[in-house]
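Naming follows writing order (A, B and C), and every chain is counted from residue 1.
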Amino acid sequence: MSESPPILALKDVCKAFGAVRALQDVSLELWGGEIHALAGENGAGKSTLVKTLAGVHRPDEGQVLLDGRPVEFHGPGDAQQAGVAVIYQEPTLFPDLSVAENIFMGRQPRSKFGRIDRGALRAETAKLFERLGVALDPDRPARGLSIADQQIVEIAKAISRDARVLIMDEPTAALSGNEVARLFTVARTLQDQGCALLFISHRLEEIFDLCQRVTTLRDGRYISTELLDGLTADDLVQRMVGRELDTLYPKQETTIGAPVLKVSRLTREGVFTDVSFEVRSGEIVALAGLVGAGRSEVARAIFGIDRYDAGSVEVGTVELSGGSPTTAMSAGLALVPEDRRQQGLVMEGSIERNIGLTQLRSLRRGPVISRKVERDRAADWAIRLQLKYGRLSDVVGVLSGGNQQKVVLAKWLSTEPSVLIIDEPTRGIDVGTKSEVHRLLSELAGQGLAVLMISSDLPEVLGMADRVLVMHEGRLTAEIPRDEATEETVMAAATGQTRQEDVSGRASSGQRSAGSEATEVTKEDGALGAREPRSRQRAQGGRA
Amino acid sequence: MAAITADTGGRRFVDTVLRARELSILAALIVLVAVTTAVNSSFLSTQGVKDIFLNASILALLAVGQTMVVVTRNIDLSVGSVVGLVAFASGKFVAGHDRNVLLVLVVGMLIGAVCGLVNGVLVSFFKVPALVVTLGTLYVIQGLDYYWAHGQQINAADVPASLLDLGNGSVLGIPYLPLITVVVMVAVGYYLRAYPSGREFYAIGSNPDAARLAGIAIRKRILTAYVVSGVLAGLAGVLWLARFGTVVADAAHGWELKVVSAVVVGGVAIVGGLGSVYGAALGALLLTTIGSVLVVLKVNSFWQDAIAGALLLLAISVDRLLALRVTRALRKRNARHGA
Amino acid sequence: MAPEAPAKASAVRPRVEAPRPLTRFVRWDVIVTALLIVVFLGGAFGTSDFATSDNLSFALDDLSEIALIALPMTLLVVAAEVDLSVASILGLCSALFGALWDAGWAIQMIIPFILVVGVVAGLINGLLVTRLGLPSLAVTIGTMTLYRGLAYVVLGTKAVAEFPQNYADLATKTVPGTPIPYPFALFILLAIVTAIVLHATGLGRSLFAIGAQEEAAFFAGIRVKRIKLLLFVVSGLVSAFAGAVYTLRYGSARADNGLGLELAVIASVLLGGVDFDGGKGTLGGVIAGVLLIGLLRNLLMLRDVATEIQSIVTGLLLIVSVLTPRIAALVRQARRHPRGATPSASS
C-alpha cells in the first residue's frame, strides 16, 4: 500500500474565514482500498476539510496532492474531473429536474451532435438503481422525494462518476437502518474496487463498523491518524474532545405531577395517524423512532406549524385550535425545532434580538420596545446558560453550533413555558455542550417543566427519559417506562417488530417478548445506535 | 417538442404535468378563437390571422429570450428599453442609406448584445439582484434613447424598402416575422431541452447551491442567458422598425412587463427551473389574441390591460393551487404505501 | 468588551475577537446622507436658484407621492416582499377621482371612497401572496397591469380637471411660515411614525425577522401572514392617498397618472440602503434616498439638463446602490484571502 502515493492527500493545509481559522496545518492521506474516517466535534473543521478536497474552498496555505502531485482545484468541477465525488450532509438536488438528469447533470450520455441521449440516460440510471437495490423511477422529478430517497440519488450520483475518491459527509444522518446498511454495502464494494473513501459520522459505532483508519481534528487542528483496530470508542472521544468527559447523562430524580400536555388521536393524513399520549409536569418523555417515522411532524402539528386533520391537543386545561404557533405559545408551549439554522434562529440577527423574538410584547415599555430590557434579559439568559459570545449584538451566525443551540433554548425558556418540546436537542453540537444541555433539561424538569424530547440518539433517549414513546411509520408503537427501556426494546418498536396488540394503549406487558425479537433486528439492520456484530465480510461477499 | 415514447406510467405523468401548461394555453386559445369566430366570422379571415401572428411575433421573440433568463431564477426588465433603443438606432443607421438588411440586423443584435452583456456581468459577476440591476439599466438605456432621439422620430419614408419588406412581406404566404420567431423559438427550445449545457440553465434556477457544487459554470450560463435575451431584444428592435417603419423614442415602452406577463402566463416559473420557450411564446400569442378579440368583439379596448393582468394572476394562481393539490395527493399516497 | 459577559466564559475556547468592522461606521445609509448633504451644498453654491425657499418647496412637493409610497414600500422590502402595483393603484384612484367628480360626487365623499378602493387593491395583493403563497413580484406585476387597465376602463384617455381651489391648495400650498408643502409635512409625520414602528416596536422586529428568515420567524410565533397582509393593505391605502394628492397637485385626473412611479419608489428605497433580499435597512436611509433623488432631479432641471439625463442618473444611482456594497465585499474578501474562493463560515 505504501508503494504508490495516496490517491488524494492534504498537506499542511490552512484555511481561514475572516478571523476564524477553520483549518490549521491539517494533513490527511486517502489510500486506495481503504475507508478512512474523519472524526471531530462540530466546528472541528470537518466540513471545511471536505469542501477543500471537493474544490469548493481553496487552501490559504498548504497543498492538495493528487497521486502525490500538487494540484489546484479551481472549483468543484475540477475536483470532479479528478475523480473526487462527494456526498454532502444536505442533499443537493435540482427539484425541477428528473432523477436521471440529477444524477448525470453535466455528464449526460450523448448521441450525435452532442445531444443528450435520453434513452441511454434512463437506462444507465435504471442500472444504477438496480445496483443499489432501489425502485425509483428515473423520470420522476426530484421534487417530493423523501430525504432518504434524495440521499439515495446522491449516492447514485457519486457512484455513477466512477470516482476514485468518494467523500461522505454525514451521509447517514437522515437514513434508517436498512438504508445505512445498503450504503455501507456500496461503500465496501467501492473499497474492494480500489477506491479511496472518506467517511464522516457522528455515530461512532458506524465509524468502527465501516472504517479502517481514522483521522481526528479538534478546533481546526490535526490531532492524530491511527488504525481503528485496537482503539476504543472512549479513546476516540478523548481525542475529539481533548479532555475527560463528565458523566454524560445527569438525570435527576423528580417528582412527577399532573399531565400538562394531552395529545389525543392526533392525525395528519399521510404523515402520522392516531397519536395519543400525555406529558406530565416534571417528566421528560422521549419520542424515539427512525428518521421519517413522523416524530418531528407530530411536534410541528402540536405546536401549530402544520395543521392536523383529526384529534386534539390540550395544554393544561386549554384545548388548542391548531394551526397557530402564537396560540400554542400563549397556552404555554415552546418548541426548539430540529433545524436550527432555518427554523430556530434568524442567522443574521443578533444574539439579543434572537432571544427577544419570542416575547416581543413583554419587552415593551409603552408602545415601543426597550432596548435595555431586551439586552438585560438576553444577558441574564446568556449567564444562566453559560453562553460563550463576544457581544450580545453579534450575529448568531458566528457562534458555534452548541452556543447557537443555547440561544435557541434561551429564546424559548424566556417565554416561561409549561411544556418544552425539543427536537434533536443535541444534534450537531459538541460533546461538552451536549452534557450541558442534558443537565439543563434535567434541571428544568426538576423545576416542574414538562419536556417532550425527540431524539435519534439512542443513548440520549435512554439516559434522559422518564418514559420513551416510540413511533414507527406514523404510528405510536410503544410506550416504555424508564426501567424497561433498553436499546433492544426501543429499536424493536422503532423498526416495527413489536406486534400491534402488545402496545395498543399504554401497556408494557408485551415488551419482553418484543425485546427478544429486537436482538435479531439489530443484527440484520445495524440500525441506529446499536453496534452491529462484525459479520460484514460475509455479508459483503453475499451482496456484491 | 421531443417526442419520446412513454414507456412507463411515471414518464407519462411527468410529461403530462410538464405539458399541462402548454396544452391549457392552447385550449384557451382555441376556445377564445372559436367563440370569437362564432360571434364574428371575419375574425378568422386570412388577414385577421396574419395580423395576430404579426403582432405576436415580436412579443414572442422577447418572451423566448426572457424565458432563458427567468429559468435561471433571474429577470431582465431592460428588454423593452433595448427594443426602443435598437429600433431608433437602426432607424438612424438606415435613414437615407440603402443598407443591407442583414447588416442592419447584425448591428441591431450587436447593440442588444452589449446591453445584455452589461446586465449579465452585473448579475452574474457581482451577484446583485437581477430585478434591481435590470431596472437600473432600463432607466439608463431608456434615458440614452430619449436623449439621443430628442423628440425626433424615424419615418417610414427613410427606411429602405428591403427592410420594410422584412417586416411586412411573406414567403409562400407566411409572413417573415412569425417565421423568424418560430425558427428562433425552436432553436432555443431545442437547445435548452436536448443539450447538456441547455439543461444547466434549468439546474441553476432549480437549485443554485446544488448547481455550484455540481461544478456548473453558473456565471457563464447566466451571462449567456442575458446576452441571448439582449440579442433577441436587439433583433426585435430591428423587426419593430421593419414592421412599423415609424419609430418614436418610446417604442416598446413598458413592454418589459408585458414580456414577463407572457412568460409567466406561458408557465415559466418566476422562481426559475421550470417552463419552456414554447409555453412562453404561446403566452405571448394568447395575450396578443386577446387584444385582437377585444377589437373584434367591440369591447372597449381599455379592457385589454385589465384582462391581461387578470389572466396573469389567474395563471399563477391556478398553477399554485395545482401544485398544492399535487403535494397533498403525494402526501396521502405516501400514507397508503407507507413512508 | 461586553461587561455582561460571564467572567470565565472564554476560558474553554479562546474567543475569536474580530476587529470591529469598519462597515459599522461606513454604512450605506450614512453614505447616502453624506451624499445628500454634498449635493445640497453643491446645489446651494453652484446653482443660484436652488437654495431658495420657493424652489425647495417646489422640489419637495414634487416628491410627495414618491416619498409617501416609499414608506410602506420600505416595510415591504424589509420583509422581503415588494409591491410593483403602487403606481397603478395611484393611477386607478386618480381615474376614479376624476370620474366620480365628473359624476357630481363631493370631494369629501370621493376621498374616503378611493381610500377604500386602495385598501381593497392592497387586500387583493396581500391575499394572493399570503393565502396562495405566490411570489409578490409575480402577483404585483399582474395587479400592476390589472389596476392600470381598470384605470383606463374607468376614465379612458380623458382628463378631468377643475377641482375646487381649496383642495388644490392643500396639495400645493406650504405650511404657513415654512417652505414645507402640506403633503410633504404629512410625509414627515408619517415618516416619524414609520421609523418608530420599524425600529422600535415588536412589529418592526418581526419585519426584520421575517425578511431575514421567514421560517424562523414563523416558528417564533410571529403571525407572518397577517403581518404581510397588513403591509400590502397599508401599501394600497397610502398609494390611494397618493393618488388623491397627485390628482389635486396637478389639477388633472388621468388614467396614466403616475405611470412608472413604482420604479422611482423602489429606486429610492434601495438607494436608501434597504436590502432587496429583506432583513436589512433603515428608514433614515430611505428618507435620505428619497431626498437625494428628488434634489438631483431638481438640480438637473434647474441646470436645464434634459429630463432624459435625469432618468439615466436615477438608473445609475440604482445600480451603484446595489453594486457598491458588493464591490466592497469582494475587495474585503480578496484582501483577506488572496486566493480564496467563496466566503462561508461553515465548520
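We take it that a contact is a pair of C-beta atoms (placed from the backbone, for glycine too) under 8 Å apart; a residue touches a chain by one contact, two chains touch by 3 or more.
Fair warning: this is a prediction, and the values are worked out from it, not measured in the lab.
By the contact definition above, name the pair with the higher C-beta contact count: A-B or B-C.
Answer by contact count: B-C.
Please indicate which chain is farthest from subunit C, where distance is taken between mean Cα coordinates of the chains.
A
So the centre of each chain is just the mean of its C-alpha atoms; given that, what is the distance between subunit A and subunit B in Å?
Computed value for the inter-centroid distance: 44 Å.
Calculate how many whole Å lie between the centre of subunit B and the centre of subunit C, each centre taken as the average of the chain's C-alpha atoms.
30
Among the residues of subunit A, which ones contact at least 2 other chains?
Expected reply: 56, 75.
Multi-chain contacts only, two chains or more: what residues does subunit B have there?
Residues: none.
Using the touch definition from the top, list the residues of subunit C that touch subunit A in their complex.
Per the stated touch rule, the residues are 2, 4-6, 9-10, 12-13, 15-19, 196, 200-202, 204-206, 208-209, 212-213, 215-223, 279-280, 336-337, 339-347.
Where on subunit B does subunit A make contact in their complex?
These residues of subunit B touch subunit A: 2, 4, 8, 10-11, 13-14, 194-196, 199-200, 202-203, 205-207, 209-217, 269, 273-274, 327, 330-335, 338-339.
What residues on subunit A touch subunit C, complex-wise?
It comes out as residues 16-20, 22, 42-48, 51, 56-58, 60, 75, 219, 305, 324-326, 328-329, 335, 337, 342-349, 353, 356-358, 360-361, 363-364, 367-369, 375, 379, 382-383, 386-392, 397-398, 400-401, 411, 432.
State the interface residues of subunit A toward subunit B in the complex, per the touch definition above.
Residues of subunit A touching subunit B: 54-56, 75-80, 86, 88, 92-98, 101, 105-108, 110, 114-116, 118, 137, 139-141, 144, 146, 269-271, 273, 292-294, 473-474.
Considering only the defined contacts, which subunit B positions touch subunit C in the complex?
Residues in contact with subunit C: 75, 122, 126-129, 131-133, 135-147, 150, 254, 257, 260-261, 264, 270-271, 300, 302-310, 312-313, 316-317, 320-321, 324.
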